[in-house]
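Structures for review follow.
You will see two complexes here that share chain A, one where it goes with chain B and one where it goes with chain C.
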Partner chain A sequence: MKVITKGNLLSWLRQLSQKYTVIAPVTSAEVTLYEPVSNSEIEKINLNFPNTDLSPKNWFFPPSETLFTIVKNEIPKIIPASAGHEAVLFGLHPCDAKGIALIDKAFLAEPADVFYKEKRDKTTLVGLACSTPCLECFCTSVNGGPADPTHLDILLTETTEERYIMYIVTERGGQLLTDAPMQEAEVTSPVPPILNIVPTEGITEIMPRVFNDSYWDRVADRCIHCNICAYVCPCCYCFDIRDYVSKEKIERVRSWESCQSPGFSRIAGGYDPRSTKGTRLRQRWYHKLLYFPERFGDVKCTGCGRCVRSCPVNIDIREIITDVQRMRA
Partner chain B sequence: MINEIRNKVKELLETKRVECVIGYERATDNLTARPVFIYEPSQVDRLIFDETCVHNLSKYLLNRKDKPTGIVTKPCDSRGINLLLNESQLHRENLFIIGVVCSGVKKVRFNRIEDSLPTKCQYCPQHTPPLYDFLIGEPVTETSPRNYADVIKIEEMTSKERKMFWSGHFDRCIRCYGCRQACVGCYCYECFVDELDPLWVGIRIAPDENWVWNIGRAFHLSARCIACNECERVCPVNIPLMLINRKLEKDTLRLFEFEPGVNAEVIPPFATFKKEENLGVSE
Partner chain C sequence: MVTANPFIPYSATLIKVTDLTPDIKLHNLQLNDSALQDKFDYKPGQFAFLSAYGVGEAPFGFVSLAYQESGIEFAVRRIGTVTRALHELEPGAKIGVRGPFGNHFPLEDYKGKNILIIGGGIGMAPLRPVINFILDHRDDYGDLLIINGARTPKDLVFTNEFDTWSKAPRTRLELTVDRSDNKWQGRVALVPEVVKELKPSPVNTIAITCGPPIMIRFVLVRLKELKFANEQIVTTLEQKMKCGMGKCARCNVGDKYVCQDGPVFTFDQISKFLEQY
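The block that comes next holds the complex of A and B.
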């Protein structure tokens, strides 16, 4: 079993940061976010966060990105977006790795989204097993687990006495470790924590039956239709595209959007098929619990608990799933 | 106290004075509160009121403009109703307001109650709602002293320092519009950032656009913000928006001796013009 001390882990990351862009959790102003960390900032990395406030999807699917630029010359010239760097995304919990795997299903399905794919291909995922899950987490109810290595390249597990077990999941992960200061040791892996159980079993079969239930309107009474749930979600991936036009150039820009926005589903002529609060709120749950699983086989939720924690009015996916199960009869 | 609220709500629903009452119930963490809409007299036992009832429920009234509705309000929230009445957004006769005398709420997050009071409660100008049909608790006349130490600290910065300070915060903004959606004063049919054809602000979630959003939002609330703290509370990336709002409040007091939402009869400064107003602009 390969083991690395905390000090050596930081030196390894310092080493990596010379060759790769290292993105890791950093806490400031009481907010923990994934940020690029330079060689001299490695000490800033937070290794003991319950979960980051925003998910690591930002790295592959940034809040905004320029898709291409057209410079106005005599002959207009199209400049594609820059290619991006080789990167290491460090410290993500297994639930967030699952979030990336779920977005992969949509964005890497043919024809793949080139902007997403490029960043995805160039990034190695080094995860950190979750030792103290948040009270809102339920990853084991959505085919995940606090120490699940499935969607990672390397999984680190903290043992007592500030040491980490290095589990090499993929060949790509192994390549990253060629110069890592590790030791061979026999260490017992800590017992993974036990998480809340949410009754997800069979949810996709019930969803079609309750589509017209007034339940959604009652939940929507409380919803304030901000985009917080969608933006903190590790696997929500909707966006809008607009052109920025100036005298010199045109930039085509893509930015996050969400099905909760009043104008999200408005079509030419001004008609909005989801113009009421209830229909917009319902859309989010149907995408997560029916449309996505029908198409890609998996519920579009990682159980990370971010939406539960961040919702200003306590719209709680665990409660929604439980309530829908009760409507089974 | 809670029985008084429940009994009143029951009476309002049974007598069909209102169709629905907006109040608070326990959230799924079994610790904090969340908004609840009570339509049936049999449901009144869901209602709670305690120091975790932080939400300003008055925003919800905009969804029920033409329907007789009851609402449980703290003093700051009832200022929100005054603001909406003042701006002709609600019909007073459709409302039944259950005002609750409030000694302050706690800073809460899901699954967590913090020990400190939110800024709004530290400097609360009144503990009795300025507007109610039925009052719960004994009216209190004393107010907390005004204190703008936090605002003055920012005012004393050089413009460069101030720019740095706010950039540090606005750069984190993800333009989720949680602040707007939670705000009782933000009810434009089409918000300026939703004007996409042509683009007014631009859809980028990036430093420049984030500045325009956050400053534009604040300007639209000058002499209108009722200091309920909701924008700051809901912000998922912890931007101290109340600092901006309190700066507006301080300036509005100094220039117009006006406090939004305290009295629905006083014409707000932006709804009128007085010749004697000389705001430092030359003749």
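The block that comes next holds the complex of A and C.
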């Protein structure tokens, strides 16, 4: 198998950064985020993080993004935004690669979301097998795994003595490695970490039966619709589109939105099919655990645990799945 | 200028604005690219987003037929920020059009059938091209009964077409209002009650309805009493929408996106996800 030392890995990334925008996890003030890292900053990349605070979806689907600009005082001339550079997204854990794959199902379906696709097409995903799962993680319960290479182009797995096994998943990943200083060596793969087990089996069959249960209102009672669950989620993709006007120009901007926001489904005239917190919270979990699986064949959750960690009122997807299983009877 | 990016609107010019009611205007517009205007195709039931640049965009059903020479028409009810801005525009104004999106009324499949149209208020907007298509292809369809209601007489839309509709062969137009005014001599009754009164036969009939959610709910009850089967009842749903392409997830109901899988659904389809509203 192909193996690279930590030192050589960093030199390889330095090489890549001359040709590509390298985006990698960087920790600052105890917050770990995916950030563009310049040639001279490669040492800053954090290779041993439990999970980043925000997911890498930001790179493809930023919190807000201009779709087009209209220069004022002219006949409206639409200038579409151009998106993306050739990039390497480095260091993402398999759960976050899965998150991108889940958004792909919706955004790359015809007609493809051009702004997302352009960035997606230009980015190679180099993953890092997860050796230190967070307390809240449960990727193996949602068709993932800490060393699952499925949605990556290259998967790195850390072994002893600061060496990494390089597993080439796609041809695109292989091309990135042409000049990489690797060696052939036989090393033992590390023992995979143990993860929480959440009883997801058969969840899509039970969800339709508990739709009208008062459970959803009870859980939602403490929700303060802060939307952090959707913002930190690696596979939530609801958005809003608005026009912003300044002195010189009009910009049409799309930005993250959450189904927990009051008015998320309210139409002109005031009719709102989801006017209560209970109906909105229920929509969130039904979209993730029933509607998305029905439409796209997979649960819309990667088990990354970010929403569990971030929720200020301790609404916990693991508890919700467990409670729904208990309502089975 | 055919753009490959469906987020970018086509540039269009407002040709004519007509008052339909005190709060509904008919916008007639043309795409600025004449080659595109000529081949711009859409079907009854489909919708497009209109942009009031600087304010935003909102979805509207087409109320014209693509084969008509007169331009593209939308009925705009002043009810929010975008519609208020669209109402302030005058002929010559530049606006954006994004579409067409969604499925359509499968009028080809209804050939040989009687058609029952039940519309309330601005809900008549997407039904108008259905009526006009049937009248343009009158021999292809059976009897046409139109039940058109509004809150008050002055809220009835497309009144200048009532004569054409009611004089067409095998066509009947029944008007109703919730509340009368001094001049109104017609029926005063809620739309579902008119359905109950007229007792249209379900035999070889398709019922197409659009209106406020509360009206649709009771129209469905009345049609069920008359033994209309779920697959004989067709409606078009209104939901919050931002993209029109099944991305933004605002119009998600059950496993459906109203913008892509709809807005036209049979009650048979809706009954499977109605409780998930």
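Here is the rule we go by: the second predicted complex is superposed on the first by the 322 of 329 C-alpha atoms of A that agree within 3 Å, B and C clash if a C-alpha of one lies under 4 Å from a C-alpha of the other, contacts with A are read in each partner's own complex, and residues count from 1 in each chain.
Going forward, contacts are C-beta pairs under 8 Å (C-beta built on N, C-alpha and C of every residue); 3 or more make two chains touch, one makes a residue touch a chain.
In this text, all values refer to a predicted model and were calculated from it rather than measured experimentally.
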item	value
Three-chain arrangement built on chain A, chain B and chain C clash or fit	fit
Contacts of A:Asn212 with chain B and chain C, given as first, second, both or neither	second
First (chain B), second (chain C), both or neither touched by A:Arg242	both
Chain B versus chain C as contact partner of A:Phe115, first or second or both or neither	second
Touched partner set for A:Lys277, first chain B, second chain C, both or neither	first
Which of chain B and chain C A:Ile168 touches, first, second, both or neither	neither
First (chain B), second (chain C), both or neither touched by A:Pro262	first
Touched partner set for A:Val187, first chain B, second chain C, both or neither	neither
Contacts of A:Ala106 with chain B and chain C, given as first, second, both or neither	second
Partner chain in contact with A:Ile70 - chain B first, chain C second, else both or neither	second
Degrees between the directions from chain A toward chain B and toward chain C, using C-alpha centres, nearest 10	90
Superposition-derived minimum Cα distance between chain C and chain B (Å)	5
Overlapping contact positions on chain A, where the chain C interface meets the chain B interface	240, 242, 257
Complex contacts: residues of chain B adjacent to chain A	27-29, 32, 34-37, 55, 59-60, 63, 109-111, 168-169, 172, 174-178, 180-182, 194, 196, 199, 202-206, 230, 233-234, 236-238
Contacting residues of chain A [partner chain C, same complex]	67-68, 70, 75-76, 78, 80, 106-107, 109, 111, 113-115, 211-212, 237-243, 245, 250, 252, 254, 257, 259, 264-269, 271, 273, 283, 286-287, 290-291, 294-295
Footprint of chain A on chain C - complex, ascending	3-9, 11, 53-58, 77, 79-80, 82-83, 94, 96, 212-213, 238-240, 242-243, 245-250, 252-255, 275-277
Residue ranges of chain A in contact with chain B within the complex	29-31, 33, 53-54, 63-64, 134-136, 218, 221-222, 224-228, 230-232, 240, 242, 244, 253, 255-257, 261-263, 277, 308-314, 316, 318-319
